[in-house]
Amino acid sequence: MLNVKIKDIKFNNPLLTASGTFGYGDEVKSLTDLSKLGGIVTKSVTLEPREGNPPPRIYETTSGMLNSIGLANVGINTYCEQKLPFLNSLDTKIIINIAGSSLDEYVKVLEKLEESNGVHVGYEINISCPNVKKGGMQFGVDCSMTEQLTKRLREKTDKLLIMKLSPNVTSIQEIAKASENGGADAVSAINTLVGAGIDINTRKPVLNTTFGGLSGPAIKPIAIANILKISKVVSIPIIGIGGISNYKDVIEFILAGATMIQLGTINFSQPHRNEEILIQLKNWLNKNNISQIMDLKGAVECYS
Amino acid sequence: MIREIGQVVFNREIAKHFFEAEIIAPLISSKCKPGQFINILPSSHWKNVMRRPMSISFQDDEKIRIIYKIVGEGTQLIGNWKVGEPVDLIGPLGNYWKGWEGYFPILMGGGVGIAPILNLHYYLNSQNINHVLIMGARTKAEHFLQPSQNENIFLTTDDGSIGVKGWITNALNEFPFDPLKSKIFTCGPPLMMEAIRKLALDKKIECDLALERLMACGFGICQGCTVEKTNNEKGTHSYRSKFALACIDGPIFSSSELVTC
Amino acid sequence: MLNVKIKDIKFNNPLLTASGTFGYGDEVKSLTDLSKLGGIVTKSVTLEPREGNPPPRIYETTSGMLNSIGLANVGINTYCEQKLPFLNSLDTKIIINIAGSSLDEYVKVLEKLEESNGVHVGYEINISCPNVKKGGMQFGVDCSMTEQLTKRLREKTDKLLIMKLSPNVTSIQEIAKASENGGADAVSAINTLVGAGIDINTRKPVLNTTFGGLSGPAIKPIAIANILKISKVVSIPIIGIGGISNYKDVIEFILAGATMIQLGTINFSQPHRNEEILIQLKNWLNKNNISQIMDLKGAVECYS
Amino acid sequence: MIREIGQVVFNREIAKHFFEAEIIAPLISSKCKPGQFINILPSSHWKNVMRRPMSISFQDDEKIRIIYKIVGEGTQLIGNWKVGEPVDLIGPLGNYWKGWEGYFPILMGGGVGIAPILNLHYYLNSQNINHVLIMGARTKAEHFLQPSQNENIFLTTDDGSIGVKGWITNALNEFPFDPLKSKIFTCGPPLMMEAIRKLALDKKIECDLALERLMACGFGICQGCTVEKTNNEKGTHSYRSKFALACIDGPIFSSSELVTC
């Protein structure tokens, strides 16, 4: 009743964990049963190791948080050596999130992963990270760059190719279309919104980098609006992200047009929430006599 | 590390501004070690995205305790916990105090930093390991221990209303010790710890410090609780040798590896 | 200690009320002392009366709300007849917010107000309303339209001319610069963010118009980021808006670069909050030995 | 309309799922009229952007009462109000019941819609105005009044466990009345009110209904609490003749001016 399909890949349920909010699964495995998840999207990996931004990197806001981790990660070589074996051993689907500072960098990382012995089912391409100086968001705000990047990556892989979109643009529809035109199998949205805060006593920004990404329940209405907009212009599946914290939110995203969803910030305080959501989703579907969750996909009934 | 629904045994004021809660949490209490902490959901209605970390101040086979100050909404909700209430905890988290073999342990706790220090004190007592315990506070009313020359317990207060007057470091003059054969274990406000860290480096005393950082998860997945380290040794986790994570690489660090507290 | 100046206009303090969240002052006058305010920005007025969007028009979200009022208002003629006399009688500064569906419409409304006997000190131009089909946001996302509109209005008035900016763009800096180039005396930011929600039981959007504007504490970090960005590129004053609910927020906006601020959504639940804020601001400034609140303007100390 | 910090006198369950709170609020109580409501800040920690509106169910010179059901976070917090606690209210808000002169008033309240109906009932009693009071609920346990043929108080229940079985409109067969000389005053769940509205239009009975709408402010500034009206008379407030505001043009509307409840 909960299983969903993107291209030829079957997922047991529509729940993924969002990149950067679930590590590589190893840290969390004593807190939740990973095999119950639809899948895990891993923390962004880049060509070179990155130490990330200096502290402070996170801050709590009203019903949300700011982060500027800055893509801290071990780099693709160490990743293949040390993280892949563990990921391979997990009883859930793995989607590897890739970030880069140039088209070539993205392509190289993907190539290395294609040559690796990873059993991951696909890639999520982070073209929307607001927390690094070069790369990241500069792709996600430009249609032709997005299309070009998608095309080049498409040539290199038959695995799932998912472009992760930024909400920090005038028209997310155009970037979504560019992704579809480039050959992406799906788009995921949204990444964090650009935000900032200032400590009034020290007069310093709450983040070392001044600007960071806003996530959490505060942004859910913005995420829903973006899913609705994207679903009007593309026919590839959409993976909904942004402030999801309970089963009702999951249904709301699916009604808006999402095929799958990702749990992000909620994992920090409720790493087991995915299990609760699965039970509650089933109960709700039963109570409402809905046999397949995908019957709800895009089933919103607009007023006019 | 697990999630456990504990049950409140008591929750009371033990000194001015200081509260202590005892929680039945057998899974966590049977695993944790002095210096470790738990991450608390202050209430089931909690709308903030982060839990609230608290050090374990006491542990037996079944129960743990925390000592806390009410500073904001989360600790206010914790202050409202009723006897018997279920509370949602993740723990035990972080590394723990170690390396006292061959050293004379000097325990120094200030403010709510007393919690993990107290748990170490209990542990050393249980092992009959001779040590000194120094507790610092602003004034007498904030202390809940009695000073005792016999038991090597010293108090300090900013106003001299009990124990040694002035900074917690002043208490180091109250008893004889050999810097090279002693080791400081400390937790407290950043300024206090920074003073102790500098003193330790200066006098070449071994010193471990438990730091506080804002924590979104407490178990290594958000990468937000960054601690800047001095040595940039290239290792497998190159990205964590410069910026360590307070929740899994710490909260306890050695004075020499820190840039600042 | 709290007074501020924009061009030649002196305000007793930096607190304004945001358009659409304080009516015309008449409804609120038994709940708060209007003369204590720095000023009131009135609900958007348009050339013709507008009945607004059908219900439902509002919805509560996590630490925020969605609205799609749709610029319901009496139209400029009735406005001049019935609202202006009351506004004239108020012991506080009045800024009249104008919206329109075309350049000409904005100009006509402003002309009528210039010819009226209103004693208002200026205009705030709403080029950023996400809740009407035509006009509103279409201006606020286009630089040359913004500049053109600002120029045409500038020709018609010597009163304060404030352009109200939308955050729903890739680069708010460009729109801010266009406003400055067009001759605006100030910019205000931000208007609401495009958001949506779906009732999972009825499958209907929570707003009749599907999309609406998100406001409230949830959006504050986004507003602060926008103020910081704008303050880097323009030299005219910025009026900060977005999720402000207490005196600390006011200081945060001023540190980020705002000269004045507007209280919006908070007026609905705490219409007297402005009075509390003024007292707390004074106490805080005294405690910190700051003699003029404007000493804090833009005083954020970024890490690098 | 003013903001008043009231003080809780009592707060108790009066029937299954139904609670009643009495609040000392002399400024509001001395001004309000039956049918009006207050807008409540459920607690000083309230993080939502909207207050919670509640009808006034009783008033004297000093005090007001509300009757409420716990449906979500706001009403849960209201349910936690302690005796003596200060509570932040704005009121009195909205229009009020009127126009019973020359009519026989039939008061019909269902669910928590009983609150403004009850206040009207008390008022008519105080004025010795003869009328009928009909209260509807799902089952006996949800009723807190006794039926009384003498006092013209009728109860209905969905399950027949007390009073008349079935819809609240069934009770209209229990007593004689002249449709053309009677007027219904009603408040309750939308479906119930819509049934009454249609019946009233059908039988040409005058009928005023108190509606519920989501309210951000409660006093006319957000323009969110829109009620669609049938007649589009062009007036000064042309924009409010099609879409009226429940909080200042209502909450009470006449059956004929509404498109739906």
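Order of writing sets the chain letters: A, B, C and D. Residues in each chain are counted from 1.
The rule is simple: contacts are C-beta pairs under 8 Å (C-beta built on N, C-alpha and C of every residue); 3 or more make two chains touch, one makes a residue touch a chain.
None of the values given here were measured: they were computed from a predicted structure.
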Topological distance between subunit A and subunit C, in contact steps: 1
Mean-CA-position distance for subunit C and subunit B (Å): 47
Rounded Å distance between subunit B and subunit D, as computed from the means of their C-alpha atoms: 55
Centre-to-centre distance between subunit B and subunit A (centres being mean Cα positions), rounded to whole Å: 36
Touching two or more other chains - residues of subunit A: 54, 62-64, 217
Subunit B residues counted as touching two or more neighbouring chains: 47
Topology of the chain contact graph, where touching chains are joined (line, ring, star, complete, other): ring
Contact pairs between chains, per stated definition: A-B, A-C, B-D, C-D
Residues of subunit A touching subunit B in the complex: 20-23, 27-28, 30-31, 49-52, 54-60, 63-65, 67, 69, 72-75, 78, 82, 215-217, 265-269, 271-272
Residue ranges of subunit C in contact with subunit A within the complex: 54, 61-64, 66, 141, 168-170, 193-198, 200, 202-205, 208-211, 214, 217-222, 224-225, 228, 243, 248, 251-252, 255-256, 299-304
Subunit D - residues contacting subunit C, complex: 1-3, 41, 46-51, 90, 213-214, 216-217, 219-228, 236-240, 242-243, 248
Contact footprint of subunit B on subunit D as seen in their complex: 45, 47, 73
